[in-house]
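Input: structures, listed below.
Next come two complexes built around subunit A: one with subunit B, the other with subunit C.
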Partner chain A sequence: MEYVRPKALGEALDALAAFDDPTPLAGGTDLMVEVNLNHRRPDVVVSLRSLDELRRWDDTWIGAGVTFARLEGADDPALAQLARTVGSPQIRAAATLGGNLGTASPAADSLPFLAAADAHVVLKSTAGERRLRWDEFFVGPKQTVRRPDELIVGVELPSRPERQAFAKVGVRQAMVISMVSCCVLRDPSGPTRVALGSVGPTVLRATDAEEVASQAARLTDTDLDEFQRRVSAEVRPITDHRSTAEYRRHAAGVVARRALERCLR
Partner chain B sequence: MIVQLTVNGEDRHAEVAGWESLLWVLREQLGLTGTKGACEQGECGSCSVILDGEVVCSCLVMAADADGADVTTVEGLGTPEDLHPVQEAFVAEGAVQCGYCTPGLVVAAAHLLETNRRPEPDQIREALSGNLCRCTGYGAVLRAIEAAREAM
Partner chain C sequence: MSVETRHRIRGGVGESVTRPDGVPKVCGAFQYLDDLRADGMLWAATRRATVARGRIVALDVGTASAMPGVHDVITFADVPGRPYQGQIVPDQPVLCDGEIRHWGEAIAVVAADDPETARLAAEAITVDVEELEPVVDVERALELGDVFRHFPVRRGDPEARGDVVVEGFYEMGTQDQAPLGTEAGLAVPDGHGGVDLWGPSQWTHVDHEQLVACLGLRPEELRVHISGLGGAFGAREDLTLQTHIALLALRTGRPVKQHYDRADSFAAHVKRHAARMWYRHEADRDGRLVKVEARMILDGGAYQMTSQAVIANAATFAVGPYRCPNTFVDAYVVRTNHPPAGAMRGFGTNQACFAAESQMDRLAAELGIDPLELRLRNALEPGDALATTGQVVTEPLPTSEVIRSVAALPLPDDEPGDDPLRLPGGTGLTTPPDRVVRGVGYAVGIKNLAFSEGFDDYAEARVTLTADGAEVHTAAIEVGQGMVTVLIQIARSALGIENVEVVFDDTSKIGSAGSSSASRQTQMAGGAVLRAAEAARSAALALAGGDDLDDLGVWRDGELVMTLAELAERGPISEWVRFRHPETEEPDENGQGRLHVDFSVAAHRAVVDVDPELGLVRVVQIDIAQDVGRVINPVQLRGQIEGGIAQGMGWAIMEELVFRDDGTVANPTFTDYLLPTILDMPPVEAVLVEQPGTWGPFGAKGMAELPTVSVTPAVVAAIRDATGKALRRVPVRPEDIVFGDG
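Presenting the complex of A and B:
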């Protein structure tokens, strides 16, 4: 195995361009599971460990190298909430936002927040930069449009309301991969965005449900019932070893409603 | 490739293909078998070590990527004659059943008490949420860590 540890971003992009099918390595919490299970044996690993450029983080930008342990301290309530539910302290100390994006699991905990916030993923290569909205970046389960020579450098976050909530359903508190995850962002005057994970091939927005929630600053019980019904109707879950499609469809409506109710308080 | 590490304060090196885990290097190359391997998926915490100041699962650290790192394993916390307060408290409380998860729990608890001298019970539980005990011995473990907190 060839292992390179570039000292700067430009060097990393050169390395990604120089090798055939290089594997970027950040926290290792996804890659090493596959390696340990003999599902994957990378020929070339480009380590991102020394790239301080990827650890920059402010109100409009989260670098790909920011760990979930750091995101637990986020000012965005939903981002802090989701970060706390990722894996365990050991996983959060290592795992990065960029890794979550690169692996692109439908259950990735950061994605409902990024989709609700209409975040853009920024990719760099020696050929230049691409800036893709979340729904242009994710194309299927564990599939993105990232080319092997491109590096995920971070996400751009547009301005978003302060009323936010994240919720997920799993079999226990820690070390759990979600069966449904949900993020709601709501402007006090009405406009509402709701994104859900683990209930489709990629993270998705429940736009019909957004419409009913966005219509007014005050929502009645009837509105909330309709919101919940629409979320359940819009998700596209499957049955797998973690849950059934039927349960996920029901739970999606319930958690989305709870998250919205938290935003209304 | 050769991987250079500082392990429990000593300079160590190991010859690896590269993709092996830090856990494998510690146990198989350096003979430090206190760190246990079980799930190899980052779920159980039995391989917990302190890597450059953070508790991580050593099974999920690529050996090549640990080159140059500072590692503390359970062997580096205390000696049989001079136990770490957490180890002392685990013995006193009998916080061990089969013992397989114990090194990981001790490492996670020692790191918690080094970074937060007065953890609340909820914070102790949270800090141990990545360490699974299948003998269901958490009650005594929590009592031991509270005792170690008072002793430190």
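Presenting the complex of A and C:
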């Protein structure tokens, strides 16, 4: 196994271009688990640890190297809330946003926020830069359009409302893979976006439900009921050892409604 | 006690003595099994089955053997002695015998220069399997007649009828012991055809017995040593990697080490039996039990392991700690193609307790009697006959007192507030405070102490006085439970000497202490140490003509007459004891007889907050009152209580090894086999009821299993109280709460 530790972004991109099937290593909280379980045997590992360029973070940009420990302090309430649910303090100290995107698990907790915010994923390689909307980037469970020579450098966040809520369903009080996760962003005048994780092959937006919620600044109980019903109808969950499709469908509606209610308070 | 020391000994019985291995463990200096090293050692890796049932049509180790750095590969054909192992019935092939009978079964083991080479070589072994239809359903296994043991109980009048009847069907999923330390071991050849073995064990002498049979060695050619274990909970009662590494060491002439990863560990050690149970309780209008009928089927998995003994416990504690004149039980443990089930904390009593206590609550509801009152009306007390075996309780058994004591503890009155960590869903922020419903549930458990059914249960110990103190020699195993501290405290109190050290002898140096299981070692190893220490003290006093003994030596009328150094030179004083508990009997054909030597009882109260719409549960508090005889070490005892509660609560709401329909395991990792974390663990209030027993040291009773037993039904009862749902299955999943029947 070859191990490369570039000192700057350009060097990293050169390294990714130079090898056949290079594997970027960020916090290692997904990659090393895969290696230890013998699911993956990388030939070339490119460490991202020394790349300060990836750690930049402001209101419109989150670098791929920003850890969830840092994101716990985000100004965006939903981002801070989701960051707090990722693993344990030890995991959050190492785990990065870029790694979460790189793995692209349907249960990855940053994705509902990024999808609700209509974020763009920015990829770089020696060949240039690609800027892809979240739904262009994620194409299936653990599948993205990233080429092996590309690095995720960060995500661009368009302006978004301050009313936000994130919720995640799991049977432990913390450190649990979500059975359903949900992010709601709401403009006080009405426009609402809702994204859900763990209930489809990729993170998804419940657009029919968004329509009901977006129609007015004040929502009645009937509107909320309809919102909940539509979320449940729109998700595409499966049954596995973590939960049943029936429960996930039900819980998706419940947590989405509750998240919306939090935004309305 | 027969011996009374005149001076007050420090660190004796009744004090929260700090355990000698505590600080080293916390600092990382303690030597656990996986820390063991030997010069020139090889590393072993195991190739396992990926299907639940199949026939191996081709097994080729050629490529693996030829890989550079590989020294040996063993399969079933290489086992020199009896190729089957098992504590009660040797039916488990040391390595797969051609038919794969469960997911994860070991097929071949490689020894190589380093762990990575061993692993790659294990992967390089060709295993062609023709898949066969697995038996994954216990009812199907019963139909096929594949029964490891049927334990019937027939007591009283089968025609007896009560005024009220409640009938229920209950189910429990498979639990794993999940000890933090996975299996590891080291085997070192002695150069004369024999071998020294360090492995995960709860009872080195039975390991020795099995290993010499499988390895084809004379008993003196194998020494099984005791070393640092990171937990056991029953998982180390049966052999896992020991036979493999000992055989590889003998064949290669090199020390061989293996250290399982978590997936190996899930595959290799026995599980807690999944269960299906049907019950019918009949009572009179006042709530007195008239008749209990039960049919229980436990999933024994592919091999027998300790299933035979587990089913006896399930059957004989089928009614719980209650009187009942007419009892009819058919308890079966059957063979399936799931990984073998065996010992786990509670050993068959947990399953019975969940069903029986659920039934008691339903009976109380049916009668309109308070559930605790109903239990008090039926409480089993000394002089009563056990509802199943008919044996009369002769030792103290404060059933009513534990129930009353736990009920008398104050309930937490604090509302959850809006701290998310105190709401269901926790950091997930799923649940606003106004969606939370609180529930309270109770359950009472009973467990036998030490071995039952006529087993010749003994423990040996030797106490030797040295120039500056005393040594306790034993083969009893410290699995993390704190036995080492308890033995020191007992020896100190009995000898009058404070400087006591425990020496864990290998199998060649001392006889068996029995297993560190069945809540038995404080009474059994402790009982042996007490008697050996008393004998050593008497011998010292006699030799020096004194009337008291301490760390300086023997005293007479307040004057030192002989130092310990002089005693050791003149003596030496070394007393060996083999201690047995009062005899038990085998059951007759109706399951009747004095099967158990002694019992202990505990009552739990669980308080939960539930979000019924999402089916999420937060356990708010768990309280317990437990019959402990006499407290030897308060801190350790409370540690066992809290740990036991965490484990039993885990089973109630999250821990389950999930089997797919094809019999394979879906979640053999800690990502998906969920254990409670510290945020899931509630505060625990414990009342220790001390009614000294007659045969344990200083009146102590075994206590480490019961905290696990009745907490599971107590938590489920509390969730039922909050939601009104029937919840007949454990663990209770969110979907059971949301969609389950009322």
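In this section, the second predicted complex is superposed on the first by the 265 of 265 C-alpha atoms of A that agree within 3 Å, B and C clash if a C-alpha of one lies under 4 Å from a C-alpha of the other, contacts with A are read in each partner's own complex, and residues count from 1 in each chain.
The rule is short, and it goes like this: a contact is a pair of C-beta atoms (placed from the backbone, for glycine too) under 8 Å apart; a residue touches a chain by one contact, two chains touch by 3 or more.
None of these values were measured; they are calculated from a predicted model.
K.L.:
I'd like to know which partner A:V122 touches here: subunit B for first, subunit C for second, both or neither.
P.N.:
Touch partners of A:V122: none, neither subunit B nor subunit C.
K.L.:
When the two structures are overlaid on chain A, which partner does A:Y247 contact: first (subunit B), second (subunit C), both, or neither?
P.N.:
A:Y247 sits against subunit C, while subunit B stays out of touch.
K.L.:
Pick one for A:V184: touches subunit B only (first), subunit C only (second), both, or neither.
P.N.:
neither
K.L.:
Would you check which partner chain A:C263 touches, where first means subunit B only, second means subunit C only, and both and neither mean what they say?
P.N.:
After superposing on A, A:C263 lies clear of both subunit B and subunit C.
K.L.:
Considering only the touch criterion stated at the top, classify A:M175 as touching first (subunit B), second (subunit C), both, or neither.
P.N.:
Touch partners of A:M175: subunit B and subunit C.
K.L.:
Touch check for A:A206: first (subunit B), second (subunit C), both, or neither?
P.N.:
In the superposition, A:A206 contacts neither subunit B nor subunit C.
K.L.:
After the superposition on A, what does A:F166 contact: first (subunit B), second (subunit C), both or neither?
P.N.:
second
K.L.:
Considering only the touch criterion stated at the top, classify A:N38 as touching first (subunit B), second (subunit C), both, or neither.
P.N.:
Only subunit C; A:N38 stays clear of subunit B.
K.L.:
Could you tell me if A:Q81 is touching subunit B, subunit C, both of them or neither one (first, second, both, neither)?
P.N.:
Touch status of A:Q81: second partner only.
K.L.:
In the superposed view, which residues of subunit A touch subunit B and also subunit C?
P.N.:
33, 36-37, 88, 173-175
K.L.:
Note which residues of subunit B are touching subunit A in the complex, please.
P.N.:
Contact set of subunit B toward subunit A: 1, 17-19, 21, 40-43, 45, 48, 54-57, 59-62, 64-65, 67, 108, 126-127, 129-132.
K.L.:
Contact residues on subunit A for subunit C in the complex?
P.N.:
Interface residues on subunit A, with respect to subunit C: 33, 36-38, 81, 84-85, 88, 165-179, 240-244, 246-247, 250-251, 254-255, 258, 261-262.
K.L.:
Spell out the part of subunit A that touches subunit B in their complex, as residue ranges.
P.N.:
Listed in rising order, the residues of subunit A that touch subunit B are 1-3, 5, 25, 27-29, 31-33, 35-37, 41-42, 45, 47, 49, 69, 87-91, 93-94, 173-175.
K.L.:
Mind listing the subunit C positions that touch subunit A in their complex?
P.N.:
Touch list, subunit C to subunit A: 119, 123, 261, 263, 421, 425-432, 435, 613-618, 653-654, 658, 660, 666-667, 669, 671-672, 674, 676-677, 679-680, 733-735, 738-739.
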